[in-house]
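One structure follows; several queries about it will come next.
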Amino acid sequence: MNPVNYLYLAALLFTIGASGVLIRRNAIVVFMCIELMLNACNLAFVAFSRMHGNLDGQIIAFFTMVVAAAEVVVGLAIIVSLFRSRHSASVDDASLMKL
Amino acid sequence: MSATAVHSLWTTAGGVTSAAPGDRFTAPTIEYAQLAPVLIVVGVAVLGVLVEAFVPRRARYTTQVFLTVVALAAAFAAVVGLAADGYATKNAHIAAMGAVAVDGPALFLQGTVLLVSMVAVFTFAERRLDPASHGNRVDSFAAQAGSVPGSDSEKAAVRAGFTTTEVFPLVLFSVAGMLVFPAANDLLTLFVALEVFSLPLYLLCAIARRKRLMSQESAVKYFLLGSFSSAFLLFGIALLYGYAGTVSYAGIADVVDGTVQQIDPALADTMGNDALLLIGGAMILMGLLFKVGAVPFHMWTPDVYQGAPTPVTGFMAAATKVAAFGALLRLLYVVLPGLTWDLRPVMYGVAVVTMLGGAVVAITQTDIKRLLAYSSIAHAGFILAGVIAASPDGVSSVLFYLGVYSFVTVGAFAVVTLVRDAGGEATHLSKWAGLGRRSPLTAAVFAVFLLSFAGIPLTSGFSGKFAVFKAAADGGAAGLVVVGVISSAIAAFFYIRVIVLMFFSEPRADGPTVAVPSPLTMTTIAVGVAVTLVLGLAPQYFLDLAGQAGVFVR
Amino acid sequence: MENLIALLIAAPLLGAAVLLCGGRRLDRTGHWIGTLLAGASFVVGVVLFTDMLGRGAEDRTLHQRLFSWIPVEGFQADVAFQLDQLSMTFVLLITGVGTLIHIYSIGYMEHDERRRRFFGYLNLFLAAMLLLVIADNYLLLYVGWEGVGLASYLLIGFWQHKPSAATAAKKAFLVNRVGDMGLSIAIMLMFTTFGTFAFGPVLGSTGETSEGKLTAIGLMLLLAACGKSAQVPLQSWLGDAMEGPTPVSALIHAATMVTAGVYLIVRSGAIFDGAPDAQLAVVVVGAVTLLFGAIVGCAKDDIKKALAGSTMSQIGYMILAAGLGPVGYVFAIMHLVTHGFFKAGLFLGAGSVMHGMNDEVDMRKYGGLRKYMPVTFVTFGLGYLAIIGFPGLSGFFSKDKIIEAAFAKGGTEGWILGSVALLGAAITAFYMTRVMLLTFFGEERWRHAATPSPAEPDVEPAAETGGDHSEPHPHESPRSMTVPMIVLAFGSVFAGGFFSIGDRFLHWLEPVTGHDHGHAPVSATTVTAATMVVLVVGVAIAWAMYGRRPVPAVAPRGSLLTRAARRDLLQDDFNHVVLVRGGEHLTRSLVYVDHTLVDGVVNGTAASMGGLSGRLRTLQNGYARSYAVSMFGGAVVLIAATLLMRAV
Amino acid sequence: MSFPLLTATAVLPAVGAIATAAVPAARRAAAKWLALALSLATLVLAGIVFARFEPGGDRYQLTESHAWIKDFGVRYELGVDGIGVALLALTALLIPFVILAGWHDADPAPGARLDSSGGGPEKTSPYHWRPTQGFFALILMVEAMVILSFVATDVFLFYILFEAMLIPMYFLIGGFGDRAHAGSDENAAAQRSYAAVKFLLYNLAGGLIMLAAVIGLYVVAGSFSLSEIAAARADGSLDMGTGTERWLFLGFFFAFAVKAPLWPLHTWLPNAMGEATTPVAVLITAVVDKVGTFAMLRFCLQLFPEASKWATPVILVLALISIVYGALLAVGQRDIKRLIAYASISHFGFIVLGIFAMTSQGQSGATLYMVNHGISTAALMLVAGFLITRRGSRLIADYGGVQKVAPVLAGTFLVGGLATLSLPGLAPFVSEFLVLVGTFSAYPAAGVIATVGIVLAALYVLVLYQRTMTGPVRQEVGGMPDLRVRELAVALPLIALLIFLGVFPKPLTEVVNPAVQHTMHDVQKKDPQPEVEAAK
């Protein structure tokens, strides 16, 4: 199968993730959508790496995972603390500051 | 696609992997000396974590502050040393296997970041402002970030006099990231550096002592939007990688110039596919523009600036901009010079809307921190004007502007931390009425900062603005200059409004009081004022510095 | 000798400075200082005069150059004087009459606590007037020109606590300013035409430029003359100027300042000779004013305003004469001098009457005063005879000459002008007789005039020191006042004869003004005869109207013409409606425009900025997701734009 | 390297400002005397400059030149020509009077609660609100900047000062309002800060547009030095295209027209002058605004001669409008200070007219006009200020018959007024007539229209005098004291000066003439020759 299709898939995933960020309210879900986008990137990297026949892309994919993991740590911490003080994880509730 | 083709792909790939034993694996050579600034900071940051773990609570504050300051100072010394060794100019080169560039802009920006962080850290360490609760002085960070606002555990923590000394290692990590960010010489490093300096900032935003709900909210917004944008950045990187088959700036640049060594026929269809290049470039650009807070990627700025603990806001506003613009410059000048003519109109538009948008919306702001946030957006626009100039002159003008702006910003936010009432900092503008009567000096200092923001002559703000506009005009972007002056006229309005409020209106009976800070914050403010005036009157030396630092290595 | 010229001005100027800056400590001696310095100036004048008589007719012109005033590239204005026969005549008139009136004022202003300042102003006036007549270039003349305007402003408004006085002063200055505008434009024209505005070069080279230029200059000079000499259409201020103390009216608004216009025209004769159209304009103005003033003079019940009308009319004669060119210059000046004597005398007489009548100015409240103030009566009477041109007295000679000259203009113009002049003579006879009769003859209306005079539109409540309306006790004025009157009476009796016998005055002035006899269509004797006739007619009518019948203490409604004449032939109403009201509306509307339009644009932009800002900031709605939307949109736009850029 | 006289003249007041500001809160009187002394010292230095200046000498004298900001091509270049020296002298001359006249204006008002030093932790802080010190310090600071801007021969240096002087002015206007304000305090404060903000934004906007032009100039000419640019222009090495030159000219002119101010950019002036204390109002109109007209003469004409000629017709029209419009509005005012403000607008119209008539007489006249208008307005405005502080009202309608109770005040006021309507014998007449003649010889129609201005001037001055000074005495002004010694010390010297310069303007003209000839040469204009070369 032509690896180019993987790129299309990656783009698709990325878009799904992005739109998820735009429409979902729950902070956790939003965050998961972002992770989805990151993984779309990973897919793209791997696919390209495959097409170019060099390993940089695959290495980068590992880096990305690590970074994503770090993000999870920080992100969950923040979201949880928010949840605990507000008893809601909705990003729309957190709108004290506006205008 | 036929199986053979697939197979051939495998074999080719395998051919790469199963290379001759001789050059199977070459150990990377790392020029530790030249990475010293980063290494020092990271090292001490790690040390700081250990301190958190092993040093008794009582001694932590002192230890951490000491370590941090020392680390930053040492790192700065290292930067100066490197510059002295001519790494900024004649023997600027790429270090760490092409991952990091050590050249003029990098060193200049690293120096700026380090100094700014230094003064910012002073405000982090400030402990005289909040009235002492339960006999121990406290800084502007939550007693225990984990505890729910208003809960018993929080009260207990306050009573116990806990303080979040973790902020210092966090700052150091963030600084480390910012040191690498403008020096990153391949996209991967860029991405990693971005995350390294962003993640600690997300956390720092969340741990204000007062107004914790807003603090957490700002953290969430910053975090979500930040990672959203970094996802875009990453995808952009992926596309560029797909385009060039490499992530190193030089490599990509070669492909863009069409001076690539060997084109692998199997990859001709992706290699040099301009769609990938353009889309990827645009997405990376977007990621960086988000960090500098350019319209339309600016919307996080006001909320985060307002919610975050003011010292963090100051640090973030100053250092992040420096690092991000550094990276932006390097990207545009090293990776995509071939794309200048494609990107220029876009950047042009972004600069225009950023300048005008920031200035216009700021007019009606009622919270001093949000006001400064919008002003920082407008300034991002001004700096972009210099970035667009696309000339060494432009680079140095941007560097100069960044240096000027960051110090003024830190100083301004430091002043904001001083004006307090029962509820902590009194950031609502109406409370600043008549401040000039109550404590003329504070008001005067703040007025100086505002005038510098407004770009009134004899302040550093004017020198910077002039340098940038001059570069832009030289670079043939006269239109930007006109828009620039118009928006500075608009911007002048709200800076003036604050001055009017402070000096020309009667003080309110329930008005805030101005806390007398410790030498730490005083230093921060003093440095800000000094830089403002010195660079306003005699900027030549620093212009020379920026001028020498104006050349990127490839 | 030349160096004495500056002294002429220096003396009164010093007086003004001392008196105005001197402060209260000079209150007791101030008037003496003022009079002394005026006298000194007169003496200097006489000395210069005798010296001048000693010279031949051709080298009688003295020059004195003090210093270079405004030296600018291509522009030379000096402070320099020129004293020739013409100037000399004025110098003597000004200083002579001026000194007399100083003396008169000592008595007249005795009870005014601000007498010192009054004398200061008088001296200031003398200085300015002298500067006007001995300047050797138009710019310096302009200085004197405005200087006398200032002095007259200060003196008309001397009793500033009276709103009417303040208003009159302001009006006088403004109307004069209009005239000054003409003078300054004339000077500019001279500068652009001749590159200078000194008398010598300008008047010497009028031949080298176009008639059009000369006409323009001439008309501008005429405008100036109209302002200063109260000629139609700028005459309206003179009547109100009577608000000033009577000596002021006598000196400034009868004898000297108002005649400056005549001086200007005669002095600029060369220009007018080169511009017939301008000359025509001059004679027309003169003729019109001549009648205008006379008619107004007939209707006024306020003695000073009646005299003011007469002044207007007499100056009309002079202007008319001056407009006739070389034929008339000499006579214009001659009439000017004689008029100076008798009109000053008349005013002083009027002042003396008012002095004795609690400052009552309404002639209908006079009557039969001759036995109470004989000296005043006699001197006033002589002045009266002089002005109506009673044979043998000054007016007879001077006015007669002008009428002749008017006829001598020749053609229909000549006839028209001549008959106008004659008509004027008749009316003059009428209104002066009226004044005479109302004041000194008939029953003593003041006895039962204890009631305040009914408010009339034209009669200002002119009680100068808030005159009380108890029954007045008419009495003769003190010596200091009568003596000047007597002296002036002498002048008004003999001056004319002295000048005309052997054409002394003609020969005296001819070198400066030039002269030709023109060609009279009618012989001089016929003109004289005609004058006599109209004179008798005028007197007779007046006698019939006011001598025979008793005069009502309250003015009858009168004919339409009378009422119009009382209101200065509606000229003032015109000014009021058109200029004052119109001006007020204009300024009000402009203030509105400035505030709403010009300033509105500015504030509007600011406001719109604020509005825009307010609308934009609603985008910042606090929802992270909408922020994300904007980012996403931004990214899309960014990518699209980049691709687009490559596409195009 | 001789003694840097010009720098000293400019720096002395700046030092004075700092010193004055440093005077402790309690020692208010000391601050006043210090400020006065330093302003007088500056006057002495200015006098030395005036004496050292040789009219026949080089165009720019007492020059100083040091490298400043190489990257911006900016040098610290000073030098005076005749025009500069005249205005320098004017500034140095007026400031002492301004200080003297404002002696009590910045004293804490008896009613006002001086809570600055009271209550709260501020008490512990050593920094108290010191309005008086601030007032005089700011005045001196303005003086320093204005003087420096008159002697700057580097466009950038000039621009910096041109902008920077707004800030102290802004604080002077907004921070020290006129006590004699009709209406409540809040109302007063609101109007005052409105006026101050309007002043600042208006001028800042103008300045920023000029900034764009300044940058443009550098891009085109590659230098900011007047002399270098002029030289380059002379040897043809610099040829900014017609279009560019016009744009740059407009950029500069706009800023100067705002400052001057020229119709229709004038609306900030009445607010500012109305709300500010009288000395500050004098500072605005007599000193600071002169920088605008001065800059037109020096920068617009020297840098962009062609464009200046191109724009002349429009500018002349604007100037004429200013003359008539300002005068008419002055007639329509109810507020003494606003009336004088509009009168000034009319006068600035004359100045601009004279500058752009581009004849020797016109430009000499314009320069003299700047000086004379400074003095005459100062005289009129300051005396008006004394009047206003006595009665506590700015409304003309609140006065009447003052002349009876305070004759000296009335007299000085009248002289000031007569100077304003440029009565011959007083200084303004000389300049106004020169402007008129100069304009007339080049543009007769314009000259004639401008002459209408002198009638209107008489109107508003005399109306003002009549309404305030004459007529029956109102009982509010009944007990009004006459001028005191301090006030006489302000009024009399100014009046003496008006008379002296009216009778003997030569000291000024001989200084100004050569400079004007240089400018005429820059714009390559010749005076129109008289039709008849009069027979000498």
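Each chain carries a letter (A, B, C and D) given by its place in the written order, and its residues are counted from 1.
Here, a residue touches a chain if its C-beta (ideal position, glycine included) is under 8 Å from a C-beta of that chain, and two chains touch if they have at least 3 such contacts.
Just so you know, these numbers come straight off a predicted model, no measurement behind them.
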item	value
Distance-maximising chain from chain D - centres being C-alpha averages	A
Chain nearest the overall C-alpha centroid of the shown protein atoms	D
Pair with more cross-chain C-beta pairs in contact, given B-D and C-D	C-D
Centroid spacing, where centroids are CA-atom means, of chain B and chain D in whole angstrom	46
Whole-Å gap separating chain A and chain D, where each centre is the average of the chain's CA atoms	65
Between chain C and chain D, centroid-to-centroid distance (C-alpha), Å	38
Gap in Å, rounded to a whole number, between the CA centres of chain C and chain B	81
Set of chain A residues in contact with two or more other chains	18, 21, 30, 91, 94-98
Touching two or more other chains - residue numbers and ranges from chain B	220-221, 224, 228, 232, 302-303, 493
In chain C, residues with contacts to at least two other chains	606, 617, 620, 622, 624, 628
Touching pairs among all chains present in the structure	A-B, A-C, B-C, B-D, C-D
Chain C contact footprint on chain D (complex, rising order)	198, 201-202, 263-264, 266-267, 325, 328-329, 331-333, 360-361, 364-365, 401, 403-404, 411, 418, 423-425, 429-430, 433-434, 436-437, 440-441, 444, 447-448, 451-452, 454-455, 458-459, 462-463, 466, 469-473, 503-506, 509-510, 513, 516-517, 527-536
List of chain B residues in touch with chain D within their complex	436-441, 451, 456-458, 462-463, 466-467, 469-470, 473-474, 478, 481-482, 484-486, 488-489, 492-493, 496-497, 500, 503-507, 513-516, 538-540, 543-544, 547
Touch list for chain A against partner chain B, complex	1-4, 7, 10, 14, 17-18, 21, 27, 30-31, 34, 37-38, 40-41, 44-45, 47-57, 59-60, 63-64, 67, 70-71, 74-75, 77-79, 81-82, 84-86, 91, 94-98
Partner chain A, residues of chain C touching it in the complex	617-618, 620-625, 628-629, 632
List of chain D residues in touch with chain B within their complex	67-72, 115-116, 120-122, 124-125, 127-130, 159-161, 163-164, 166-167, 170-171, 174-175, 189, 192-193, 196-197, 200-201, 204-205, 208-209, 211-212, 215-216, 218-219
